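Dropping the structures in below, format is structure tokens.
What follows is a pair of complexes built around subunit A, which joins subunit B in one and subunit C in the other.
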Partner chain A sequence: MIRQPQAWAPTLFFPLLLAAVYSSQFSKAVSLPEFPYPDVTFLDFILPACVIQGVLFGSTNSATDLAGDIENAFMDRLLSSPVSRSSILIARLTSAFSYGLVQATILILVFFAFGAELSGGIRSALALILITSFLSMGVGSFLIAIALKTGSQEVVNSLFPVIFVFIFISSAFFPVELMDGWYGQIAEWNPLTWIIDWTRVITIEGFSWKVLLQAFSVIALISLAGIATSIRQLKRRLAMAS
Partner chain B sequence: MTSLSSYWSNQWLITAAITKRGLLRMRRLPSLLIPSIIMPIFFVIAFSGSFSSVVQLDGYDTNKAVNWMAAWAILQGSAFSGLGGGGLTATDLENGFFDRLRAAPITPASLIAGLVGYSITRATLPTTAVLIVSFGVLDADMPGGILGFVIAYFTAIAIAAVMSLFVLGIVFKMKTLKSLAVAQVVMFSMMFLSVGQAPLEAIEGWLYHVAKYNPITHVIRMGRQGFLGDVTWAGTQPGLISIALLMAGAGIWARGCYRKVDI
Partner chain C sequence: MDNPIEAKGLTRVFGDLVAVNSINLSINEGEVFGFLGPNGAGKSTAVRMLTTLLKPSGGSAKVAGYDVASEASMVRKKIGVALQDAAIDPLMTGNELLKLQAVLHGITRQDAKIRCPELLERVGLTAAGDKRVGTYSGGMRRRLDLALSLVHRPKVLFLDEPTTGLDPTSRVALWEEVRTLNKEIGTTVFLTTQYLEEADQLAQRIAIIDNGQIVREGSPAALKSDVGAPTLRVDVVDSDFEIAKQVMTELGEERPARKGRIAIGLTGGTRAITVVLKALEDQNIEVQHVELDEPSLDDVFADATGRRLEGGGDT
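Our next item is the complex of A and B:
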């Protein structure tokens, strides 16, 4: 992160730009009938979504680095050294988690500086940071699996639009209740919508253990599936190397 | 007189050859083209779907979000296409081919015009794709009729030309493919700080003032008018003036940066 600011700067810039633009453009949308939170500002409404967006964009970094290591043969050197094989995967997952943690903290602080409010105070802020960091690790684990399978930075980077699609077809920037037809239906089924909505409950209505556990249960399922896929791909690569 | 006309006809041929080279590269590397078509299609679907209810607010002048968002997606696609000439030049600069072009008897204007030609030709593809999806899938309206389509295409081409010149300037200055990331940030900031997704009446705070004076606002209004009603001179003139000013500014910027390629 310190050596390559160009890798993380856009993942902070774009969520903040979207937050700044949307909170001005759609500030009057909270007055629409059926808007679930008519008493909050649009900035407060999109805060959790923008943090999740930034963290998900950043979750590609760990996988890109791993793919880079495979491309430039550093991975081969690692495998020829007496390094525990599982530590290769654990290090990348920890990196995705830590990256999400730092990024979420920075984003929330910037939001606070611009007048955003969290009704649950510090507990809600910590819950948001933890949810997004674990989500970064969960989604990152899928990307790590793809990096292990393809060994190509280009392929990992090309998945960026897929994350973009998942974020947009969710309740990230507008409530599902106000989306029409099939689009609203797909958004309702998107697991990201559930996580964003639960996070929104914590930041707007106040901290709740029940809601936190609901969010973590979905993230745990995503992470388990992602980590299992990563382990499978790592084993495949190790078999190819030996 | 004959030699002068043959000089100009040669320059035109060079411009056409550079445009053709870009188009051939696009055919050979479809991976370059697919995102620039897929993303605008996704934009029109996503923006029309996510923000389907915002048209209930004042100022949208339509009852379907797709009528508002289609023009926005078209301009996003055109701006992406504007990166095409810059990407080609950055690759040429990195692998040394650009030095050979500069050593050849080509005027800078012909070279730049060829690259802009490639970008604007490329812009017609996402524009057509967005229009097909908007009308074929999302049930958009065009009360402006044929003139509405013409003005939408004209705006797309004009934005691609402006963005292409702007990106070329950045690429000439930085001489690397990484400069495209910088160009994208500036380009999309300009696009987002406008009436792309919401009318001025709906915008509040600092963005209202920025969007009001952003020339892209007038350009988007010009391209959008056929989707909302009749195409009028009053709706077209500010857009044309903005395009002329942006084109002049971006052209001077690109030409000035070209002079400094060797520095």
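Our next item is the complex of A and C:
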């Protein structure tokens, strides 16, 4: 990580920049009549979304690295050694999780420095960090599947905007209650909206085991689907192995 | 014990393309075996099958006594592999890569501490061990790659085009490395190359592969002598040309030669040179230049495939 700051620094910097822009531009949004949390600052409102956004951007890293390994034949080195096949996948998932953990922690600390508050205290902060890290692994597992299928860093990187769109058509920076028509409709069905809303409950209303479990169960479903897909792609690649 | 590499009817098909077509291999313990062929002949595909990176479409192969398909994980423990595009992370140092490779092969930290400096010294990279690989020259990378493939003291070493793209000096240095390795430790080496000289210099036995099939196999010397007699080329003064040609073609089959030069196939070995020269002397022909060419591996290749592997020489 120290040798390749250009790989991870933007994923930290970018969400912080967006947060700064949004909180100065839209801070009046809190005073809109239908705003669900009229008593909090906009900064508090977007905190969980910004953390999730940062972590999701970072979740491409692990998959990009994997695609790079395939491109430059490091994968061949691994495969021609007695390393177990499953560890290739487990290592990438762990790395996606740890990326998420580090990023979420740093982002939250930065938000604190700018005066954000978490109503549930340390428990809420930990919950937010864990939710986002697992989400990073879940989304990462889909990207890892794509990396295994294509073996191309370019393809993996090109998915960055897709993540961006997912975040934008969600409640990340604007409550769904204030959205109109089809846009609001899609946002309501976006699993990311649910997860963001739940984390918001935890950070604004206070820690709740029930909400945490809700979030975890959705993320677990996403992860299971993603991991199953990557296992299939890994098996395919091993069978083809060229 | 089984031979370190045995293949029977080994085949790999990609769609309509038969990349490797039913090859048989039998490589002896402690041998350097050269697998020679042009680009796209099927060399790398064969190596990928033997190193368990690619499943054979047909036939079978055993490496270090284990089946490459059903006992792949055992094969991987016994082999060292240096593939064509050396997969080396430019951000890591040579030392770090060696340690990583040691981890991949389940070598303990203590053992790796002794083994890594040993290997760096062996390939002459001790001074560069702590430098990032991105700063290495092509030759240094290949030498590091060789060291990496040796971390776990493999019984069989696969080198896929180890010197492609290297300058002549680095190439010779790498050859020397492979030779010592083979001599000192007795590692069996399977080497693919598109360079005739490399096969000639390093391999005790070679197989020539073309279009996925082995077209010749044997020691370089035997293959060359199978192609036929060496070529004797003689330059004489212009006035003697016709008569000299007549004398020489009586003693051997005429071979193509450039203008003003006579070339014949010299049957009866090198001693026949004296016979030819004596016959010319008897006719009072003044010989200006004599040249005897053993058939090269390129001639072997041309004889087997009807094509030249490298740019045709001056005849």
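In this text, the second predicted complex is superposed on the first by the 241 of 242 C-alpha atoms of A that agree within 3 Å, B and C clash if a C-alpha of one lies under 4 Å from a C-alpha of the other, contacts with A are read in each partner's own complex, and residues count from 1 in each chain.
Assume a contact is a pair of C-beta atoms (placed from the backbone, for glycine too) under 8 Å apart; a residue touches a chain by one contact, two chains touch by 3 or more.
Bear in mind that the values here come from a model prediction, so they are computed numbers and not experimental data.
J.: For the combined arrangement obtained by superposing on subunit A, do subunit B and subunit C clash, or do they fit?
T.: fit
J.: Considering only the touch criterion stated at the top, classify A:Asn72 as touching first (subunit B), second (subunit C), both, or neither.
T.: second
J.: Under the stated touch criterion, which partner chain does A:Gly184 make contact with: subunit B (first), subunit C (second), both, or neither?
T.: first
J.: State whether A:Phe168 touches subunit B only (first), subunit C only (second), both chains, or neither.
T.: first
J.: Is A:Ala20 touching the first partner subunit B, the second partner subunit C, both, or neither of them?
T.: A:Ala20 contacts subunit B only, not subunit C.
J.: Of subunit B and subunit C, which one touches more residues of subunit A?
T.: B
J.: In whole Å, what is the nearest CA distance you get between subunit B and subunit C after the fit?
T.: 17
J.: Subunit A residues touched by both subunit B and subunit C?
T.: Touching subunit B and subunit C on subunit A: no residues.
J.: Considering the complex alone, what residue numbers of subunit A touch subunit B?
T.: 6, 10, 13, 17-18, 20-21, 23-29, 32, 34, 161, 164-165, 168-169, 173-174, 178-181, 183-184, 187
J.: In the complex of these two chains, what residues of subunit B are touching subunit A?
T.: 35, 38-39, 42, 45-46, 48-54, 56-58, 178, 181, 185, 188-189, 192-193, 197-198, 202-208
J.: Over in the complex, which subunit C residues touch subunit A? Could you list them?
T.: 14, 48, 51-55, 73, 76-77, 79, 81, 83, 85-89, 91, 101, 104-106, 148
J.: Provide the residue numbers of subunit A that touch subunit C in the complex, in ascending order.
T.: Residue positions touching the partner: 3-4, 69, 72-83, 239, 241-242.
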